[in-house]
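Down below are the structures I want you to see.
You will see chain A twice below: alongside chain B first, and alongside chain C after that.
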Partner chain A sequence: MLKPLLSVRDLRVDLNTRSGVLHAVRGISFDVAPGETLCIVGESGCGKSMTSLALMDLLPRVARRSADEITFDGQDLTRRRIAGKLRGRRMAMIFQEPMTALNPAFTIGDQMVEAYLYHVGGTRAQAVDRAAQMLEKVGIGSARSRLGQYPHQLSGGLRQRVMIAMALMTDPELLIADEPTTALDVTIQAQILRLLKDLQQELGLAIILITHDLGLVSRIADRIVVMYAGAIVEEGTAAEIFDRPAHPYTRALIDCIPQPGKTERGAPLGTIPGVVPLLIGRQDGCAFRDRCSLAQPRCADDIPTQDAGSHHWVCIHGGQA
Partner chain B sequence: MLIYILKRLGLALIVALTVSVIAFALLRASGDIATALAGEGATPESIAVIRQTYGLDRPVVVQYFAWLWDVARGDFGQSFFFRTDVAGLIFGKIGNTLILGGASLAIALALSIPLGVLAAIYSGSMIDRAVTMFSLLGQALPSFFLGLALIMIFAIRLRWFPASGTDGWRNFVLPAVTLGYYITPPFMRLVRAGMIDALNTDYVRTARAKGLPARRVVFKHALRNALVPVVGLVAVQLGLLMGGSVVVESIFALDGLGYLAYQSISYRDFPVLQAVVLLLSLAYVVLTLLSDIINAWLDPRLRAA
Partner chain C sequence: MSYLLETVGLTRRFQVGQGMFKPKATLHALNGVDLRLKKGQVLGIVGESGCGKSTLAKILLGLLAPSEGSVLLDGKDIGTIGRMDFTRRVQPVFQDPFSSLNPRKTIADIVTMPLRVHGIGTDAERRKRAAGIMDMVGLPARFAERYPKELSGGQRQRVAIARALVMNPDLIICDEPTSALDASVQSQILNLLMDLKRELGLTYVFISHNLSVVEHLVDQVAVMYLGRVVELGSTAQVFDAPQHPYTRALLDSALTVAPSLGVPDIGLGTAFPNPLAIPPGCPFQPRCPRAFDLCSRVRPHPVDVALGGAACHLAEEPLRGAA
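Presenting the complex of A and B:
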């Protein structure tokens, strides 16, 4: 693997709630190489969104972040001054809800040039040129007139394109996309995904894609991190995860994807029985054991991490168990 | 935007006409005007003469339009009590009230916007509680008490400002502070609530994600959206402002419209009262129109409405 662009070691996010401290992210570590797509997958409440917000220092006020290391291109992101210089310039983020992510009071153009002028500088005219160019790049026609429009005049799909264009204004090296297509309808989802893929190849952009949709992941991921209950349960290349899923949870997730030709017409879609455990307090042993068909008494003990090259998983069972 | 303004303007005109009908009816509903004008112990003959001189024997609709025509030319009739021209009476005092109202509003906004923003940013903290206490105090403290306290300290002890009169700008400082603090709490609460909402929105998170400095996120992205309801409140608060100015003008012997309204009520001086009600209602209509236009500028989504 290339020298990582982003390195995360033992990242933790704790939230103070009325019933105690909720450990949303429980000491996760991963790297992102320049230009690669890392997908972080898991069900709702597994801590994947908290992870992305923690990287951008956008956590809600009740949340506390701690980590042994978060570095971007060798620079320490846990130091506020350094993070302030990188965020919105060399690392950018887009969100799940394009309908509400843009400020209703300002034009698209105004919002697009803002970060560029702040981080990069130059004249307003240059920034507006750049914005028009970026809108064209994300496939929005008559870009110049779009710049004068307000968010409420655009559809959801267009708004997400605008969000992407806006994120790319400063030519970042890393784009964090938190469920970027979840709120959109299926045809638009495919378009946005294709757009992200194309932009990545053109700009050499590294992408962290946060999603619950493994179908989406199979079309874009270089590497995959599977999260469950705030921890990483399996990590590997897309081929390793899809061809040789080692963790029962990963296999369960893959079994939930309907596949043309394989999945019987009219058959009920796969589900994983049970729910994600509450994340308040300590978790001993494997968090998935209550929902796992292969669970054994020793799953309640400490679980070793198993390695096969770039493929790691946290389970007592071997690769093809 | 122009179409929006024209629409609002048309609406405001309709409201203004409705208000004029009500103000006109107010005087008629208070009893027989000719009898009231003639005074106690008048003969039926003299009442009939008065009725004819003032045109009160004509149909009501005719009277309304005659009155409306007079009002449009600035003629509000004669005061029962002062025995002078109502228009002259009012226009001599309206300036003082406008200065007092404007200064109070400016003080209220200058206090409530920064304090509301501060309380919202640090919501739940000591700062938030201190700000809330300060605004609660403004609500709980009767303005006559605060007015008298200010006179005691700044007029009598320190001699910085005069205690009463209408001689110059110094006369307006204490009344404006009193009235401004009195109307601050509702503004402060609205700014605070609006900012807490705005700071939790997705678009503020987007602004943060863009790496913009905190003050730009707060004052550009959040405050602009939080101010929309505040602008609307300015028009609504006119009533509170007028009610407060009746008290404040009396305490500081400030010769304004509030004090005149108070007098006209106690002396049953209906022509004056009618003119004051009409002017206040029109001021309300104009302020509402202005706040609609300002809000359309603040929030582009309103322009389509």
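Presenting the complex of A and C:
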């Protein structure tokens, strides 16, 4: 692998709640190489969004972040001054619902220009030129006149394009996208993802894409991190995760979704019994063991990570056990 | 009459304000929709937002009156069936189990509500019936005295299903019933819906944007575009051999698990369909990768509800296409 652009070691996010400290992210480590698409996939409450917010220093007030290491291009992101210079400039983020991420009271031009002037500087005219250029790049025609429009005048797909254009204003090297297409129609989703892929090739952008949609992940990821109950349970390339899933949770999750051509129409779908464990307090052993068909007494002990090249999983069972 | 549900020329218009001094515009949310559904079958409705799916759901539930056309339940216009009789036979399951349940009522209150409204049984009998239904949908009896906020999304959707089933209806209108749920919860709810259909002989209209789910669950599919049915057929016909370019684009854009396929290039362009300015000729023509001169002038024949097929010049027989 190339020298990583982003390195995360033992990232933890704790939330203070009325019932105690909730460990939303429980010591995860991963790298993102330049130009690579890393997908973080998991179900609600697995910690995937907390992970992305932790990277961008956007955690809610009740949350505490700690990590052995978070470095971006060798610079220490846990130091506020350094993070302040990198965030929004060399690393940018887009969110699920562009209507809530865009300010309804300002034109999209104003919002695109503001961020650019803050992070990069230059004159307003230069920033406006840049904004128009970026809108064209994301496939929005008559860009100059669009700059004067307000978010509510745009369709959902166009708003998400504007969000992407805005995020790319400062020519970042890393884009973090949290469920960027979940609110969109399938046709618009395909177009937005195609656009992200094309821009990635053109600009050499690394992307961290956070989603619950396994189908989407299978199409776009170079590497995949599967999270469960705040921890990474499996990591590998798209082919490794979908052709040879090793962790019982990954396998169960893939079996839950109807796969045209593979799942017989109308046949019962796979299910995962039980519910996600409480994230309050300590968790010993495998967090999935209460729902796992392969669980054994020793699953309550420390679970070793198994390695097969680029493919890792945290489970006592072998690949096809 | 062999159809449980039939719509004939269903049309719904809305008057939409365009601003303070501009005249109101007419939005055709539905335009001549003909559908038929036999008892025990599942009809899937797919299409992008703005295609009229949700308006159709509201009309089928009697929550909105059509501007023209009619909905027939067992051959009788639902306008002539009393509201109480109608709701005994047709019940909804909506997308968001967080907003469709009253947060101040216990689960038992929510599930027995339809029975109370209809004055069926004594309090004890209603409780007994609710307990039976809750058991059927996989809700533990101890949930009866809990409140919706104490339940997970999947459990709440089970409550919504229990509430729909408590009246022993014939037809359930499911409007995006699993869109708000995680994959592992979605599969449980889909399995439950399939089991209930088999056990109780239910009939579903299943509205969803998730094409894999629709393909898995339904017997027939109607593909809608800007208020019209553009393709209609059995699941095998529509998913295995789509005829309308729009259906093809929809199927191509569905991101099924297939690491080798990558992100599709569906070639629809960035034009977004505007229900306020439906183009002449074929409504899909501005986005259609296979459009030719006829498409911008002549509107394709609507889908024949008895035969199925696609409302597309390319799918029409040469003789009909020349008309």
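Simple rule for what comes next: the second predicted complex is superposed on the first by the 315 of 321 C-alpha atoms of A that agree within 3 Å, B and C clash if a C-alpha of one lies under 4 Å from a C-alpha of the other, contacts with A are read in each partner's own complex, and residues count from 1 in each chain.
Note that contacts are C-beta pairs under 8 Å (C-beta built on N, C-alpha and C of every residue); 3 or more make two chains touch, one makes a residue touch a chain.
Note that the coordinates shown come from a computational prediction; the quantities given were computed from them, not determined experimentally.
Once chain A is used to superpose the two complexes, chain B occupies space next to chain C without a clash.
Once chain A of one complex is fitted onto chain A of the other, the partner contacts of A:Leu58 are limited to chain B, with no touch recorded for chain C.
Geometry note, superposition on chain A: angle between chain B and chain C about the Cα centre of chain A is 80 degrees, to the nearest 10.
Of the two partner chains, chain C is the only one touched by A:His212; chain B is not.
In the superposition on chain A, A:Glu97 makes contact with chain B only, while chain C stays out of contact range. When the two structures are aligned on the shared chain, A:Glu136 is found in touch with neither chain B nor chain C.
In the superposition on chain A, the chain among chain B and chain C reaching more residues of chain A is C.
Using the contact criterion defined above for the overlaid structures, shared-chain residue A:Asp73 touches neither chain B nor chain C, since it reaches no partner.
Here chain B and chain C sit at a least CA-CA distance of 6 Å once the structures share a frame through chain A. Taken together, the two structures place no residue of chain A in contact with chain B in one case and with chain C in the other. The touching residues of chain A, counted against chain B in their complex, run 56, 58, 84-89, 92-93, 95, 97, 100-106, 114-115, 118-119, 150, 152, 163, 166. Residues 43-44, 139-141, 155-158, 185-191, 193-194, 197, 212-216, 218-221, 238-239, 242-243, 252-261, 263, 265-266, 268-272, 275 of chain A are the ones that touch chain C when the two sit in their complex. Listing the residues of chain C that touch chain A in their complex gives 48-49, 152-153, 182-188, 190-191, 194, 209, 211-213, 215-217, 235, 239, 249-250, 252-259, 261-266, 268, 270, 272. Residues 201-213, 216, 221, 224-225, 298-301 of chain B touch chain A in their complex.
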